[in-house]
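Before we start, here is the structure in question, set down as structure tokens.
Chain nomenclature is as follows: A, B, C and D, assigned in order of appearance, with residue numbering initiated at 1 for each chain independently.
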Amino acid sequence: MNTEIGFFKRLNDWVNGDEDRIFPSKNEYDSPELPEPPVAKSSLPNKDILFLSSYQVIAITVVLGLVFVLLYTVYKLPLFGVADNPAVNEVVERYVEKGLEETGAVNVVAGMILDYRAFDTLGESSVLLLAITSVMMLLLRDEKNIDPEEDLITEHEAVFEDQSRDVILQNVTTILLPAIMLYGIYVILNGHLSPGGGFSGGAILGAGLILYATGFGHNRVRKFFSMKTFRALTTTALLSYGLLKSYSFLLGANHLPTHIPLGIPGAIFSSGLIFVLDICVGLIVACTMYGFYAVFSRGEI
Amino acid sequence: MNIISELINDRFMIAAVLLFGLGFMNLLLQKNLIKKIIAFNVMDSAIFLFLASQGYINGRIAPIITNGILDSEVYINPIPSGLVLTGIVVSVSVTAFFLALTVRLYGIYKTVDFDEIMLLVDKEAE
Amino acid sequence: MIIALELLLIVFLFICAIGAFLSERLLIAVVIFMSYSLVMSVIWALLQSPDLAITEAAVGAGVSGILFFITLKRIHALKGTKDE
Amino acid sequence: MLPFYYNIPAISILLCMIAGMIMPLLPNGKVALRVAMGVSAGVALLSAILMINIIPVNEYFTYMMGHFPAPWGNELSAGPLEAMIAFIFGLVMFLSLVGGSHTIFYDILPGKQKMYFTMMSMLLASLLAMTYTNDIFTGYVFIEISTIAACAIVVARDTPKTIGSTIRYLTLSLLGSGLFLIGVVLLYCITGHLLMPNIQEQVLRLVSTGLYTVPLTVVAGLLFSGVAIKSALFPFGGWLPMAHGGATTASSAVLSGLVLKGYIVMLVKIFYRVFTIDVIRDLNVTNIMFACGLAGMIYGSIEAFREEHIKRMLAHSSMAQIGYVFMGLGLDVNLGVAAAFLQIMVHAFVKPLLFLCAGRLSEVYDHEKSSYRLRGSAHKDWIAGIGFTLGAMSMVGIPLLGGFTVKYYLVTSAMMNPAKLWPALITLMISAVMNALYYIPEVIAIWTRCELCTPNPVDSNRGFDWIAAPILSAATLFFGLNGYSLIQLIQRGLALL
């Protein structure tokens, strides 16, 4: 047995989780029948680092060139943190000084992304729709996406999970979940008043749902969040987002007032459409994030 | 001395460029698909770091109107934050799509090595 | 003082990025990448962009980390756990 | 209150996006197909109204998306050129859906058909937005939308080969959008604006004072290389043949015919409206375009010549055709840019025509794809045979067809720039000969009867699929016959940009 392992080698092993070489013992969890896990090494003939392929040489040269060009550009750019750089101009002035009056949002960033530059944000929400649709296209179970072995493992796990739920996880979830959900709702509803908004709040809600699903199993979630609910919620939120924004775009371009009250700045029910849009975005993001999780782990929602 | 103080002053931009290069190179060279995805994320967040650092102005505070002060001399530039927010959502969507492709390819070829997969795909009949 | 903290965070960012690419095991690469996102969100908080900090912490370090983990489970790359 | 036609750009984009959003609620794929077809036909119709209104008076207008004007809010901008491009995008999308509908239902599982049409609608929305946008960051967002949607319509067929080629496509696309994004960010850093007219003001000021010349050059280079990767210009085009060749017919037609062009249209718009074309010529970007374009023409032709699989051959030929576009842009004369736009429009009709007919020909032979095995298939479906023949003739450059007009104007504009005349002429000639060498044998093969081939009975209930090929062929003829007036129109539109 080789006990003379260098310190860095051992550190590296420890970082990589190879405890065997540090504490040599028989690993009782050895399960030889499963395939070797894919580590980062290629099973293709491994070339020596000195003899790079032409592709690698080209890639490294291109990247180094790009980095040098960009560093030189940075050297030529205005300094960091000074007030008189070109980006601080009349646009910023109006966003900050008139933003409260024109959009009703105390958080200037929220006012900017949901009112001044709302078309970008509509595009961004469509990206989420496209992402969840394409993930479902790839991973939903159907006749072209079937792996009997994989299904067997998933089935076993489902049975196993239903029989012996992790008590610690469940108790922690019971304690944490209300707080997480409340925080997510708070972040969404205060999007126009404080940092955050639809995207971050939606991601928090989605993470809460995922935690619930890991703690109590998918079937518990499916009782109130089935494929039908998922589809209805996402589509309704996205459609109302799209329609509300189309209404505001078309009227705005034709110089007509939208007749949406902006409310008292700083109050929770204020800033007109931004409040509603934040809720829609929050719903879309929460559903999408949970949808990703469900489709990735089981191929269904 | 002057160079060092300039380097320190432009710390975020220089870090962002170097991280961008790192991510770009790994996106090109990493064979493992998971690492390619990590490289893509590193590359994107480096660009976002660059953009966000452009909005910062020394001594000013986050653009959330406090105490009714409506003076643009008090707050930092809000535009980069808004653009980065859009960018983050796009990048997480692309990450999810990329991961889904990885899962499917693993299901077919039982490997996540890009070069091996490409060899196998090229051999595949129509 | 704050500059020293920022430089420290930047150094940490580089360590995380390089570590994620060099680590042999995918699980560790993903964990290191999540800490990269977390450091990034701290930097954004220091740059006075709390919106970005919250979003990056929730999306970058949270949800995309979870997605990476499930993917690793599906490709049987979680060595040392019962999913291996 | 604005006249109605001012609202058309915004309405057509929003219509496509909302159509994409309601697809999941529809009962099945057939209804979704009808909705997608209706939306693209509607876009074509609306754009035709826009054309009728603004082409005679030569009008160029900007349109606020929301309540805030130029430096504060998002804006769209439209003129004759944009209207024409949008009309072609809508029409070709409609015809590709019509012509490929039969294969879509064969290739894609019933559960995924609605998702496929979501992708198609969103793809059209992103193409229109890229054409109309007056804001570079909106351009970036819609580039990402089109990336995801384009990858998804390739992967919809769900065979190992398409999934594998999608991952290559996605990786390269992400590199491209990363470069484009960092270009946009740098541009924002030095000008402080995101709306094109405002940036232009600042750029002209920077050029006259000589400040930030290096960053400006870097930005132009980054934007160009980002778009070059996405539109498969020569050194970056490796992903294209597999992705376009493997997808279902309608996807291949849309990807080769429209998606590659959308990025180029946006790049030209950025070059004209942000940098102004004189600055771009001073920065030497056009020379790089010219060189890459020439290399792409040769490389694409050689690869196509060596290819057996009929759809992949067409995809390789797309690479060569993109080379023509960039050659025209790089010629440094205004007629060259107009010729490049004519090439964009002609190719937007011819390539879908070829893909649809090739798909149909392989369908009547039991989904056989190799050129050798398709012998005599034209006799099984003579409409597709004639369409394929016409398309191939246009590619080769037979007079009276669109391809010839483009080559004629490319040569004419090359004559105006003596420095680039000979390389352009020689490459055009080599490329034309190569085109003839791989298209003509293909045409002869499909018309040669073959006793040994085992033909498959033709599907009797084909519906209205066949109608797409004659319309696309008619468009090719139209471009061939009206070259002069179209070039005049495009030049007028370019002058307004």
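Quick note on the criterion: contacts are C-beta pairs under 8 Å (C-beta built on N, C-alpha and C of every residue); 3 or more make two chains touch, one makes a residue touch a chain.
Note that this is a predicted model, so its numbers are computed, not measured.
Minimum number of contact steps separating chain B from chain D: 1.
Interface comparison, A-D versus B-C: the higher number of contacting C-beta pairs is recorded for A-D. The centroid of the Cα atoms in chain C and the matching centroid in chain D are 38 Å apart. Each chain gets a centre from the mean of its Cα atoms; for chain A and chain D, those two points are 32 Å apart. Centre-to-centre separation between chain A and chain B, using Cα means, comes to 13 Å. Among the residues of chain A, those in touch with two or more other chains are 35, 38, 40, 70, 77, 85, 87-88, 91, 95, 107, 109, 117, 120, 123-124, 127, 130-131, 134, 138, 145, 150, 195, 199, 292, 296. Annotation for chain D: residues 137, 141, 144, 148, 151-152, 155, 163, 182, 188-189 touch two or more other chains.
Counting partners per residue, chain C has 26, 29, 50-51, 55, 59, 63, 67, 71, 74-75, 77 as the residues that reach two or more other chains.
Chain pairs that touch, as defined above: A-B, A-C, A-D, B-C, B-D.
Of all the residues in chain A, the ones that touch chain D in their complex are 69-70, 72-73, 76-78, 85-91, 94-95, 102, 115-120, 122-124, 126-127, 129-131, 133-134, 136-138, 140, 142-145, 231, 234-235, 238-239, 242-243, 246, 248-250, 252-256, 258. On chain D, the positions that touch chain A within their shared complex are 1-2, 6-7, 10-11, 14, 17-18, 20-22, 24-25, 63-68, 71-74, 109, 111-112, 115-116, 118-119, 122, 125, 129, 135, 137-138, 141-142, 144-145, 148-149, 151-152, 155-156, 158-159, 163, 182, 186, 188-193, 202, 212, 214-215, 218.
The residues of chain B lying in touch with chain A in their complex are 6, 9-14, 17-18, 20-21, 24-25, 28-29, 31-32, 35, 53-58, 60, 62-65, 70-73, 75, 77-83, 85-86, 88-90, 92-94, 96-97, 99-101, 103-104, 106-107, 110-113, 115-116.
On the chain C side of its complex with chain B, the touching residues are 3, 6-7, 10, 13-14, 17-18, 20-21, 26, 29-30, 33, 36-37, 40, 43-44, 47-52, 55-56, 59-60, 63-64, 67-68, 71-72, 74-75, 77. Residue ranges of chain A in contact with chain B, taken from their complex: 35, 38, 40, 42-44, 56, 59-60, 63-64, 66-67, 70-71, 74-75, 77, 79-83, 85, 87-88, 91-93, 95-97, 99-100, 106-109, 112-113, 117, 120-121, 123-124, 127-128, 130-132, 134-135, 138-139, 145, 147, 150, 193-195, 199, 265, 285, 292, 295-296.
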